[in-house]
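The first chain written gets the first letter, and so on, giving A, B, C and D; residue counts start at 1 in each chain.
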């Protein structure tokens, strides 16, 4: 991982600012011969697209993706795939007032300190709009995974908004697509709608916890000791805007467990080893076990709020900053498809790494 | 980051197994002209060394580091530094019984599935012993940081053992070195000693939360969007054995905050911008703010316990596994110097990246 | 270097096919604050642009570059710079006849064998058209170098066409821009014009030797032992289409020298060490000496010729292949600006690496 | 490639100085399950070992390799392999006289300028002794290639010493092992012996051309456009000490060819496509064709000679430098096994990359 690229063999480089003419991703190292058209990627972008409910930013962007290279007659050729998304609805004037000031909780200040200048329009490169490029790249990864690992499924959900978590007993995967929160608990979704309406009226925002689960992940993905699957997942998820914590399996709660509780016991199933629990989140020693890979991340509340907070001007004056523009009151919502995309990219990358080093498949047999 | 290397410009590659003749690290990209002898690295290794109290493994290893290359007349030359640590006290026979079986919670199974074979002695490459090489590399990073950023300090602590956390009101940095837990709260340390004695007698183990804080970090370290300082820290910390969660600043708790609570307000101090809080953990937009960089990680309980747990043999038979050998009842203790070392490596790496791209320093002025 | 990217810190990723909608480059790691507009890059592209004389392909491409990201108000921001060049004049029908056959000397065959499919239109990704993206990226590198190393100059020339070399006694740098061959010898340029006219009429093509010299390169760029400046230059130049050999300084002729002839003797000049000769081509031990960096490369004759040559069809039939389409009879001509661009990118990359590791400048003093 | 590492998936990091306690290589990314013991590597090191004839340096080094990690019960485990070679016969006092001066043609000067200090003993890191580590790593690559591609063979030879080349008509592969020059022409070997004796007496040295040919290379290794097989080979070979030029196939001579001569015509053979010539050196578009991969490199004459040459002292004084110590009068001889090792590493690396991206093998069929 370096600067604006991630991945080892399935390597994604994103570029673009919130209010420039376009943004996008170059996907390099993609396996050849995979069916891929813009229509295979667009549905994933549509999930992340703004303006789909009153709970996300009202910026209107079609987020239509164009494939400029790397395919021929509807299949990938193994050469770099340039994915381009035009910016259609920037309202840069909304940002004129912040060009000379630093908003609390924003990257305005750090970009200024580091680079000596910044593109203030919509947050420039630090805007969550960059995540559209991730989702597009994730769409390519999904198409390849569908070809190479047809049993794999990646499902994200928002499992907590503010301090209000879903009820594990009421989780229903089918519910996720039925509400604007990707919430697997219909009752919680109702509470969240009310709470978020109140927050918007108050000019405030709120954090969230997003969970992504990949099932059908074959054993053997990952490698000691800095190419661990969980290490790469942690880096990938922490690189998403506003993420402040990443957990694998039991996560932070593992600290409170005893060894006799935490270690996932095994039994021999018809198709191979099975586990009686999944505190490991599907990863042991940095390598996938075959169990579901479970990642959770905390998304901080949007810093762009109507409530005035004390910031600074370039001249060093203290100033109350109120962020106009159009913003998500709970950026965790749109982080769900982004986190899914990162999961897809990391898993495919490690699948390619695994077959590069070992030829692929499971080399060690258990049982007859 | 790929496989057994980490870092971009300050690049560390570790090698070695728990019971092989030696293990070590190659440190490449080190700045030249820095005073460095084995004696500068040894104190950090001594902090991680096993057998120092009844609360860590009783394996006796001097962990004496030898510098085989990269220095001349006591100074770094800019060429790769090979750090070698010999294994003196392996008791491989302790592991004869597990050569044909997979311990719950261990990497035994995943190494077998991925590679088709593994070194079972002491866990081979997946042993926490690998972290000695990290601490040695971190010692080099510390020596360079001392030369380049004399105001920087890195301090780790264990802030929770099992479900028992330190009392923020009683935290005292001076206390950390006075107890065998790196615990900043003397009262908690007393409770932990009693609890851990009971756990050892019960043949069980427990998890922990480790916190590392770096002060004196200059603004401007990190980069959008996959070279973020927090993304690299998350990957580095998650790559440490047994870590299941990583938090920056407010961490997972950020989910429960509102935007008006979370955004760290600013004021103009004598030396530049100051913040009224540090929910960001010293990082905004992936770039350091100048505030303390705060990272926490959850370390799962040691899986090697005397309590029998159900595992599998290579033949696929279910078997009750009891791990003999010598093990840490709370591996979080020795994770403290390891996490400090990773922090040192990541910060130095980003310092070098920053001066590579920008020339170094702070390019943007604030105020007169 | 991996697949479609090159460079360590100044990292260029190119994408695009000969007959797709566009091609381009993402330039990541660019220093911030450098004045950069499309007009700074366009002149370099214009030097490589086809159709400027009867001696290059008649394909009409404006090669107008658009900067889609990474600048704000005319200066680089340190974020990735997307350079886009549209393909305006593809004549894909010219290639219908070769979609099912492999041209001798072309990448058609190897792409087919490796990937199982290929974009046959104009050679797809293997087309020399990809080099437009390199020249655009080189234009960014030149702008940065102009800011950081104002004394640096990069000058390419074609010094041999076929077996006909320039006369060293008649070399005149000013002549290079005056003929369509970038030839520093006016008399040779005249001979080449006649020879190339004859070759075109004969439906044949010819090879060439291109030389690039960088003056004003500071000492200290490069690093042992795989990050050597000459190793990176060799890789960069060999990656250009049709290049079959790369030389530094005395090059292949160094084999015939004795040590007493080859070693460049030194004397103390007013500004530091000086050399009495430059067999080293400005590089010793992989690190620049301060002398001109001299690279030469052999460009093979264009394989796309009107003379029928025996190839194969996908069905395995032997077939006489004649390449229609529009092609350069001596692709070495247009390789000159491409080689200059690669030199610019490699030098800037090593300048950034050098200041990353050492802080920049010359650390060792000689004399008072 | 960065600093002291090379390779993408089969990644080699070398370390160590000429007169330090030891040197070595870490080989990361090695496929698991391959039979490997020190005895598999030692024969390759023995070919490079000094002191085997009067035509190489008289330094006595056993160059015995120790494997410190990465194998278990005689097979690779997929974890990093540390190869260690001790330095037994340094005579550092020979270098006392050059600690304060810069030898013409040596890296003394550039290391000093870049780093501000250097290890002058035996050239430190810039010594050709570093190539022992390459040969050891190449031994690992050879063992893996023998398992994965049993038909592959790599054969190096010295084909020119000074201006005296072998006679193509007299080349005999069996002759290479029968003379101290790895010369495939017995008559030339006789001439070279006489010439080199004279040069040694005269206190001088001479350059050479080394050729390495790999047969049995499957089609499909390499990738557009910066991960080209020839680009990586060029970088790898140019990184060897004293190399000043690298050629693939027809090499620099390709410049003098016409397209109708250069393009290798094809016919359909029993086992697939065949070529009527091999100007391409087995690589088209950066991807292997299945033909022999042919690389040549020019090695400059050893700069360490008894003939006084004008250098400088640290104080800036001009001084006649005569290099004592023990040196190769024609370093090209020992470059032969080094170049073979680099070929092995690059081919294996690209084999792993190829199966990572495509699954391996040949995806495109030709004929029925």
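Assorted remarks:
One rule holds in what follows: a residue touches a chain if its C-beta (ideal position, glycine included) is under 8 Å from a C-beta of that chain, and two chains touch if they have at least 3 such contacts.
Here the structure is a predicted model, which means the values were calculated and not measured.
C-beta contact counts were set side by side for B-D and B-C; B-D has more. Counting every residue number used by either copy at the chain A-chain B contact, over half are found in both chains.
Each chain gets one centre point, the mean of its Cα atoms, and the points for chain B and chain D are 38 Å apart. Averaged C-alpha coordinates give centres for chain A and chain B that are 26 Å from one another.
As a whole-number value, the distance joining the C-alpha centres of chain B and chain C reads 45 Å.
Among the residues of chain B, those in touch with two or more other chains are 2-5, 14, 29, 32-33, 78-79, 111, 114-117, 125, 223-224, 358, 363.
Touching chain A in their complex are the following residues of chain B: 1-6, 8, 14, 102-107, 109-117, 125-126, 130, 160-163, 199, 204-209, 219-220, 222-228, 230-239, 244-268, 273, 276, 279-281, 283-290, 298-305, 307, 309-312, 314-318, 332, 354, 358, 362-368. Against chain B, the residues of chain D that register as touching in their complex are 2-5, 11, 13-17, 20-24, 26, 28-29, 32-33, 66, 68-70, 72-73, 75, 77-82, 111, 114-119, 124-125. Taken in their complex, chain C has these residues touching chain B: 9, 29-33, 78-79, 223-224, 352-353, 355-360, 363.
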